[in-house]
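Right after this note come the structures.
Two complexes are shown next, each including chain A; its partner changes from chain B in the first to chain C in the second.
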Partner chain A sequence: MLRYAIKRILLMIPVIIGVSFLIFFIMDLAPGDIVDIKLAEEALTFEEIEQLRETYGLNGSVFTRYFSYMVNFVQGDLGTSLVSGRPVLDSYLEKMPATIVLACASIFVSIMISIPLGVYAAMKRGTFADNASMVLSFLGLSIPNFWLGLMLIIVVALNVPGIPTGGFSKGIASVILPAITVGTGLTATLARTTRSSMLDVLSQDYLRTERAKGHKEIKVIMKYALRNALIPIITIAGGQFAVTLGGAVLTETVFSWPGVGRLIVDAVNSRDVPMAVGCIILKSITIGIVVLIVDLLYAVIDPRIKAQYGKRKRKQA
Partner chain B sequence: MSSTNQHMQNCSTTNNQSITGKQYVRQSRMRIVMHHLRKNKGAMVGLFIILAIVFVAIFADVIFDYDKDVVGIDISRKLLGPSWEHPFGTDDLGRDILSRILYGSRFSVSVGVVATLIGLGIGVIFGAIAGYYCGIAEDIIMRINDVVSAVPSILMGIVIVSALGATTFNLMLAIGITSVPQFVRITRASVLTVRNQEYIEALHATGISEFRIIAFHVLPNCLSPIIVQATLRIASAIIAASSLSFLGLGVPAPAPEWGSMLSLGRQYVRTASYLTIFPGLAILITVLAFNLLGDGLRDAIDPKLKK
Partner chain C sequence: MKRTVIVTLLILLSCSLVFATGAKEEPGTAAATTYKEEVVIGVQSRTSSTNPTSQTSVAHKIMFNLTHNGFVGYDERTKEILPELATEWKASSDLKTWTFTLRDDVYFHNGEKLTADDVLFTWEYGKNASNATVKSFWNGVESVKAIDDYHVELVLKAANIDLLHLLSNEYFAILNREAVTADATKGPDIGTGPYVNKEFFSGDYTLLERFDRYWGEAPVTKTLRFRYLPEGTARLAALENGEIDVCQAPNNTELDIIKANSDLVLNTWQTTALTFLALNTEDPILSDPNLRLAIAYAIKVQDVIDGAASGFAGTANGMWGYFQYGFFDDWKSVGQSSYETNLATAKEYMAKSKSPNGATLKFTAASAWTVNALQIIQDQLKALNITVEIEQVDAAGLSRKSVSGDYQVIIYSVTFTSAGSDAARIFTPGNSVNYARYNNARVNELFSLGASETDDAKRKAYYKEIQTIVHAECPYIPLYYANSGVAHSKVAEGAVYNTSGSHDYTYIKVAK
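Right, the complex of A and B next:
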């Protein structure tokens, strides 16, 4: 399993190089740069402009600049923000706690709603309850989550005292609405996956055997059926958690959430290339690592996968 | 002589039968899909809503005067709540929200459809090359695909639009590019299942060019999953377009795009919530309709997937 993990981490390297070049190249296509933005704010002489360009490393071709950026990147230096003058890594890490809180809260909301809903829908297949739960999940899939966020502000935050309309200053109360907003979109996909995966498992013979042994239905479902249906559920939930951990751009904007998503949007809008490229690289690495952890989790959940790793090892020996 | 005639008649009958049989098989495939689709109430509701939206989008010019009703400023009637005269109220510049939403269907649906077509066009070409030729071509295409899909689509959209400028075409292009990886993957997977079939081998033997084989014999047999993916993708493209417009990176003002209307509504969320409610409902209904149709189409084309 260790070999597999190392191989996956090594495979991330070309992807990261590709992502960084792609973003660097696209942002270079933009007309104007940080010096032009400064020029619009204050009058600068020709010499000052040239000096600023030299300071920000804006002279030279895109390939030269990219090469020097990557040389620094390999040495652990993601550059300095052209706007705030702070190191990119520091800014990213400073915003990370808010993003982690939102990602964990939203995946919690999603799992708490979607798994019971999906299991129930599968157990009651074809009934009104099944159709109703799937219609609900379809609605969740179709709601633009930034609009849902605004609706929650109108319906809840403006009427319930103690629930703020935005920010991260009021502790748990601040997290409730953003978590529901992000979680609803995740719930829809996860509920459908859970139902589909449970339907595959519910027709298996071993469940009939467990029932014949006299186990209660709830035990048969929760212990034997759900556990066997978990792999696709975890794949989807893990992927969604990874993406949210990279920053929920729209929800963070709606709720003025001080997370990574807003940091990236602000960096792109202000042509702050080192900040934008650095944050997107870090985000891609975060997503890659979380997806890898999820893949490794399969072996913990399903002993058959663990046995496969063992088999491969024995074969190689 | 008579026996020869009899033989020719038999041959002709056999040919006619085979043609009829062929037509029957073709029709029946289509009929099966349509039959399944018609039986799916959700898909039919979705189709009906889409047709209604397309109708409104086409005849929006006839229904409303663009300069007067949609973008015409009249401060004397600003921020009026819903009434008989203005069922969805008016915005901060006195523009009627209902007419802007109905006219906005033109922008939102066309951005969704064109962006999907861009993604589909690029994705199918590269997916077909990767699936058909394999080897180095496949490796290069799939690694580039990995790179593009490693960046979350909303971020990629933001980067592309802010680099190229916030215009309707750039918005379509950005959303189209973010959907390319999905189409590449799905086309490649379908082409891989078709390329080794015997009829492709037979076509090689006839000396037809590889372009013709791919374009006229391989791709038509891979269309089902691509069509389903495209229908579902239109829904997410509409959401992506309104998301980027919401962030100020979409269709430029004063065009009535639903996302930019929501962005304006956000500023008046405490005092004029109807500015937020109605454009969002328009997005929800449109996206729901495309999702229902796409889901129904998937079940109809491959009933095995229906669970």
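Right, the complex of A and C next:
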């Protein structure tokens, strides 16, 4: 398993190179650069514009700039923001706690609602309850985050004392509405996955055996059925968690949540190439690590997968 | 008996003293209003730096006004230059040498006393500032000489009658040599203003704390927190919820909610940001002034305001700020007329133009609301048989196009300062904001004359002539000044809301 983990970590290197290359070139293709953004605020002479481009190192070819960026990156330097003048890593790490809190809270909300809902829908397959829960999940999938966030602010924050409209300074109360906003979309997907995964498992013979042994239905469902249905659920939940760790831009904007999503969007809009490329590399690494953890979790949940890892190890020996 | 009388008298005396004291205190207690220690202001725009020499946007200027001071300030209401760190100033007859007398009771936030050496240092530092406007200004200063601790002399490379207006901008604040030398990153945050930078979390909030050794009148509020709330509806909800005390720039569509709430106060005004069309005078088709004038007379600006700004804007009657020194719009007195919709006049100009049968033009915009404006104009110009193709790019793309000249017509906004010479940047060649790529030798000469003219009447005459020439040649079509506003809790007072958006929160206080 350790070898597998190391192999997966090493596979991140080409991913980082690919992602950084793509972002660097796409940003170069986009019209305008940081100097053009400054021109919207400052009146400059054409000589000053050229000087500024020289200062920011924008006059070389995109290949030279990319190579120079990667040389620094290998040495652990993700660069400095062209807007704030701060190191990219500092800015990213400053925003990360808020992002982690939001990602954890929203996945918690999502799991708490979607798994019981999906299991219940599967158990009541074809009934009104099944249809109703799936309509609900469709609804969750269809509601735009931006709209839901604003509605929650207007309906909940303005009427329930102690629930703030945004920000990250009022502890748990601050995270309730953003977590519900992000979690609603995730809940819908996860509930549908849980339902379909449970339907596959519920038709298996071993469950009939467990029931024949006289186990209570709740035990059969929770201990034998759900555990076997968990792999696709964890795959989806892990993927969603990883994506949320990359930032939920719209929710962050509505709730003025100081997360990495807005940091990246602001960097792209202001053509802050070191900030955008640096943050996206860090985001890729984060997603890669979360996906790896999810893969390793399979072994914990499913003994057959753990046995496969063991088999490979024995073969190699 | 005697004893009883004495005791009774003593009791009466004590009672009268108690009640008298109580009666004296009570009105005082009732009258004394207590104020919140922290006032929270919800802002729309993000700030990215606390260094005054690094940013020039309005959002940053609001902060720098609280943490730093320059030689002078500017009162937008009275249009007067006010003394700040300088108590007196004197210019030489050629307007190149300026001598300032500094206050002798000013301390920086690190406890250092302000001296002329700090001005000298600010000049040295400013010449290499990251912001091009700041860098360009300080590089235009030939030398700075500290005559003594409290007298300093600035020698400019070129005469500038508007130097004081320029210096009133917060980004020309005086920095402290010791602070910046000790810490190049955080040193520039140290100023002489009424508030000290306490915490700065870009994209979330800025916390300022009252500076107890401030040279001016001490503010009442202990801390000011600026919360970044980019979404308008959420920002207003935060005000309604009591999380913030001031909501900057509420959505125009939500003003009725504020008016209906008796706990809130709404202030609105016409801003100083002028939205206009720039017609590329170097373009083969648009180099024809008759065609440009035809377009100007065919546009119904009120329809554009209604469609693109939800009716919340005032019509602009010239490419010179209505609040700016030398503003002129009495077109009839010079045999001209304002660009009010007049299709007959538009058609006359069209007939005289090199494209009498119509033209196809590309109009470029960078935001959804400017695209809305262009769609309305597109429809209006059909009357002249002008086909408008609309191209949308983002802000950086629009700037790139304007610098390269790769456009025909662009829609843009610019905020002028109060100085007349500020208009030179949109009318003279070599400037990035001369979006029309306009170049008229007489206009260039008049700006040059204006910058070194001390006679008020003569200077106004120069500026009037510039506006007359530009109006006749129509490189720009002025559209409107958008409205903006601030909503605040009814117990908030003391802030000064300026039409430029550069508000002064120094003396804001909110009753508990």
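By definition in this document, the second predicted complex is superposed on the first by the 303 of 317 C-alpha atoms of A that agree within 3 Å, B and C clash if a C-alpha of one lies under 4 Å from a C-alpha of the other, contacts with A are read in each partner's own complex, and residues count from 1 in each chain.
The rule is simple: contacts are C-beta pairs under 8 Å (C-beta built on N, C-alpha and C of every residue); 3 or more make two chains touch, one makes a residue touch a chain.
Keep in mind that what you see is a predicted model, and the values were worked out from it rather than measured.
S.K.: Check the residue A:Val19 against both partner chains and state whether it touches chain B (first), chain C (second), both, or neither.
M.R.: first
S.K.: Identify the partner contact of A:Leu297: answer first if only chain B is touched, second if only chain C is, both if each is, neither if none is.
M.R.: Neither chain B nor chain C is touched by A:Leu297.
S.K.: Check the residue A:Leu150 against both partner chains and state whether it touches chain B (first), chain C (second), both, or neither.
M.R.: both
S.K.: Between chain B and chain C, whom does A:Arg262 touch in the aligned arrangement: first, second, both, or neither?
M.R.: The answer is second: A:Arg262 touches chain C but not chain B.
S.K.: Once chain A of both complexes is superposed, is A:Ile49 in touch with chain B (first), chain C (second), both, or neither?
M.R.: In the superposition, A:Ile49 contacts chain C only.
S.K.: On the A-aligned overlay, A:Gly167 touches which partner chain: chain B = first, chain C = second, or both, or neither?
M.R.: Only chain C is touched by A:Gly167; chain B is not.
S.K.: One more residue to check, A:Asp33. First (chain B), second (chain C), both or neither?
M.R.: The answer is second: A:Asp33 touches chain C but not chain B.
S.K.: One more residue to check, A:Leu158. First (chain B), second (chain C), both or neither?
M.R.: Both partners.
S.K.: When the two structures are overlaid on chain A, which partner does A:Glu94 contact: first (chain B), second (chain C), both, or neither?
M.R.: It touches chain C, and chain B stays clear.
S.K.: Please report the chain A residues shared by its interface with chain B and its interface with chain C.
M.R.: The overlap between the chain B and chain C interfaces on chain A comprises residues 30-31, 150, 153-154, 158, 165, 253-254, 269.
S.K.: Chain A touches which residues of chain C in the complex?
M.R.: 46, 48-49, 54-57, 130-133, 135-136, 201-205, 227-231, 233-234, 237-238, 240-241, 243, 393-403, 425, 430-433
S.K.: Within the complex, which stretch of chain A touches chain B?
M.R.: Chain A residues touching chain B: 14-15, 18-19, 22-23, 26-31, 138-139, 141-144, 146-147, 150-151, 153-154, 158, 165, 195-196, 199-200, 243, 246, 249-250, 253-254, 264-265, 268-269, 276, 280, 283-284, 287-288.
S.K.: Of all residues in chain B, which touch chain A in the complex?
M.R.: 42, 143-144, 146-148, 150-152, 154-155, 158-160, 162-165, 235, 239, 242-243, 246-247, 262, 265-266, 269-270, 273, 276-277, 280, 283-284, 287-288, 291-292, 295, 307
S.K.: What residues on chain A touch chain C, complex-wise?
M.R.: 30-34, 36-49, 51-52, 83-86, 91, 94-95, 149-150, 153-154, 157-158, 164-169, 253-256, 258, 262-263, 266, 269-271
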